[in-house]
Amino acid sequence: MNITVWNEFRHEKENQVVADIYPEGIHGAIAGFLEGEDHVVRTATLDEEEHGLTDEVLNDTDVLVWWGHKAHEEVSEEVAEKVKQRVLDGMGLVVLHSAHFSKVFKKLMGTTCDLKWREADDKERIWVVDPTHPITEGLGEYIDIEKEEMYGEHFDIPAPDELVFVSWFEGGEVFRSGATFKRGRGKIFYFRPGHETYPTYYHEEVQKVIQNGVKWVNNGGTPKNVYGNAQPLEKISEK
Amino acid sequence: MNITVWNEFRHEKENQVVADIYPEGIHGAIAGFLEGEDHVVRTATLDEEEHGLTDEVLNDTDVLVWWGHKAHEEVSEEVAEKVKQRVLDGMGLVVLHSAHFSKVFKKLMGTTCDLKWREADDKERIWVVDPTHPITEGLGEYIDIEKEEMYGEHFDIPAPDELVFVSWFEGGEVFRSGATFKRGRGKIFYFRPGHETYPTYYHEEVQKVIQNGVKWVNNGGTPKNVYGNAQPLEKISEK
Amino acid sequence: MNITVWNEFRHEKENQVVADIYPEGIHGAIAGFLEGEDHVVRTATLDEEEHGLTDEVLNDTDVLVWWGHKAHEEVSEEVAEKVKQRVLDGMGLVVLHSAHFSKVFKKLMGTTCDLKWREADDKERIWVVDPTHPITEGLGEYIDIEKEEMYGEHFDIPAPDELVFVSWFEGGEVFRSGATFKRGRGKIFYFRPGHETYPTYYHEEVQKVIQNGVKWVNNGGTPKNVYGNAQPLEKISEK
Amino acid sequence: MNITVWNEFRHEKENQVVADIYPEGIHGAIAGFLEGEDHVVRTATLDEEEHGLTDEVLNDTDVLVWWGHKAHEEVSEEVAEKVKQRVLDGMGLVVLHSAHFSKVFKKLMGTTCDLKWREADDKERIWVVDPTHPITEGLGEYIDIEKEEMYGEHFDIPAPDELVFVSWFEGGEVFRSGATFKRGRGKIFYFRPGHETYPTYYHEEVQKVIQNGVKWVNNGGTPKNVYGNAQPLEKISEK
């Protein structure tokens, strides 16, 4: 499996707090725990040529992990459309945290993907509501995160194909924080935690979820569908 | 309830067969059977100013019915975006037949909305698979249409929130021909039949489905959601 | 619309706290706010003959509201089966609070319907996660209940057809507290709040939800489906 | 993975046509193509002690495949309940053809699971409607079966979690012929074809689907959920 971890990679350059937490960038941290025997992990970032997502890279990517926050608008329409198309053609997509507002996710969902938020060191408890789902493998009943940004309902997404996690926040909100979608031939997993000023991507259970998510969205080599004008398979009567 | 029936209105001007079937245009035929005591029905067409969908019209529309086929690309990005936004804000949308490829529907679905098709006078039989659904009220087990264009799977849409109808075609295909989706605050109903060269919109049961669909997507005056930065509802502990 | 409100009616007789809150029984309180111009509301309780659910009553009921808690096992298999069958035949069902463990709901769900619980005066905040749903009409973003019994995930139900509400609890849990299901020709709405030692059914927004729920599950006079051996609708070739 | 293939095994003893097609029984044929490196495959039949499904067998089964038709009522309540419970506890279940009417499937679905049927040598064409699904791996757009029993809508099941296949029948019907459900911790796959008087289980693509289905419902060693009275995870205020 070829994985590409995409990161906006701006906060790390502009905010010392973030740089201290993620010295290799958020993409570096995520790539770190995704590496493994059966995986080749690449990273790509906004400020590279074509945001690091050339046709060559995209065509060679089975699963794309996406983190972005403050520079969604700087992702070119062309690249966003290409990524969307690759998902529809079968590439898996893991969308993390503030990437709910990325061009790619919004194009695939068709909604605003808006939500409530607050940076106030809320405790977050992520409850498993679908213990049958492979994405929950190896977890207990919930994941506790001591401090995180809050995301609250209403989360303006289509009803997920599967709702896997629901978050409880100390300040009184809930959030559908783990959700799967199928679009075209591609599988998508949205997972909420991961604000840049917290060390969330070092949390072992968060890592486990992302590892499971990457496995789950990987769709193998599904063939292309056939569309367009089609000959009848059965004889049509004269009328 | 204020209903606006939108039609591309090109085939009727360019093809005598279509003009003969729908002398008032497809929009005229549809508006005709939607009129009723509690409804005000307007029509709008592609070649009008702003395609007939000014802010004033859109803001005064509870349910929009959309038929288009050969000129999807001539619908301006601006109007398509506005219509999409109105759906997300709560306007109901009934998408008919070849409007599966309309800009508005594709933007709301996030997929290609592609399918197989054939113009060969297939018989179509539309089976009710969700007899609990209000959209099926007043129907029997299926609707027979003597001759129609064929649409076949795979239909590249997100898994519908509710699958209401599945079509059988004489030439050997099936199609998910009645499907509902909720997006933002809006409700959407896609209904397959209605190729321009057949008198399908005079079929009483087809009319019944569209009448039911209009009723079902009408969402009343739901208030706007609240998004963005939010104060805590409960005290957050110092950590 | 003919509504029947069914209540176990035991706590009220055995516990003075409950009797003081609901002097007419929980069924009396619920019947009280359901009465209206277009509705005839009846009540029925466990200790009546056939639990008050004779064939005559059931056949004349469009929507059944069910509250039970400590005596689920005393509901006869025969009556539970009859009620289940009536739902499959089109009667609407609103299942309240501890009725998650009722025979009827468990038979219709096929799962254990188990959950976590705690009686500790938790604050409950019920968030709307599907603002498009008619059941949320007239509500704001959430409903606050000062003190209630806690129900927590994992709630062992099938993935709901529609998830309408998610509860936040002060003690740290979340719960899918408003969920719809279609079974056979019947529509079902499960709504969480309503522990007998709290005056929850006097809460105006809780009443609004139950009123909306009753309306939503009411399915009109849908005809029976046709099952069994069927003649071909098209000619089958010799092979 | 430990697979148990359960078969009623009556038609094979009573009908020479069936015996000639399946000399080792339907269970023998299915077990034959499920055997493989990573699988241990057992069979069990109705007329064995406890229908061959002792606690020891069930507890050692990761995936159960079920075929039954004329003797559903002879399956004891006790065994049916045990099998249902094992599914809720995480055992995968593949339900084939006429097992739609088995006690186990009906208990898990909560509906009548009724349908239309006809034995008239209909041609069946099983269309893939969810090409993203692992159960469709290795298939083309559809599977053709020259002659089969017809099953037609309305199929009285809950709306599937995922609809994978829809069948077209020569005589004019459609059917949701591949559907997945999650119940408790268990995954369920219903697959339509396989009438006893046709050699359907020798069809390579039918075999492929069942092989994929067995893999998909296998849920690994998911831990038990925790239910019942629960201590608060956060401090609850005095009110």
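A few comments on the model shown:
Per-chain residue numbering starts at 1, and chain names A, B, C and D are given in the order in which the chains are listed.
Assume a contact is a pair of C-beta atoms (placed from the backbone, for glycine too) under 8 Å apart; a residue touches a chain by one contact, two chains touch by 3 or more.
Owing to the predicted nature of the structure, the values given are computational and were not obtained by experimental measurement.
For the self-contact between chain B and chain D, the two sides draw on mostly identical residue numbers; the shared fraction is above half. Taking A-B and A-C together, the chain pair joined by more C-beta contacts is A-B.
With centres set at the average Cα position, the gap from chain A to chain B is 31 Å. The geometric centre of chain A is 36 Å away from that of chain C, both derived from CA atoms.
Annotation for chain A: residues 123, 125, 130-131, 141, 152, 154, 159, 161-162, 170, 172-173, 182, 184, 225-226, 233-234 touch two or more other chains.
Chain contact topology: the protein chains form a complete graph, every chain touching every other one. Chain B meets chain A in the complex at residues 84, 88, 107-112, 114-118, 120-123, 146-147, 150, 152, 154, 156, 158-159, 161, 170-173, 181-184, 225-234, 236-237, 239. Those residues of chain B that touch chain D in the complex are listed here as 125, 127-131, 141, 152-155, 159, 162-163, 166-169, 172-174, 176. Only residues 90, 123, 125, 130-132, 134, 136-137, 140-141, 161-162, 170, 182, 184-187, 219-220, 222-223, 225-226, 233-234 of chain B touch chain C when the two sit together in their complex.
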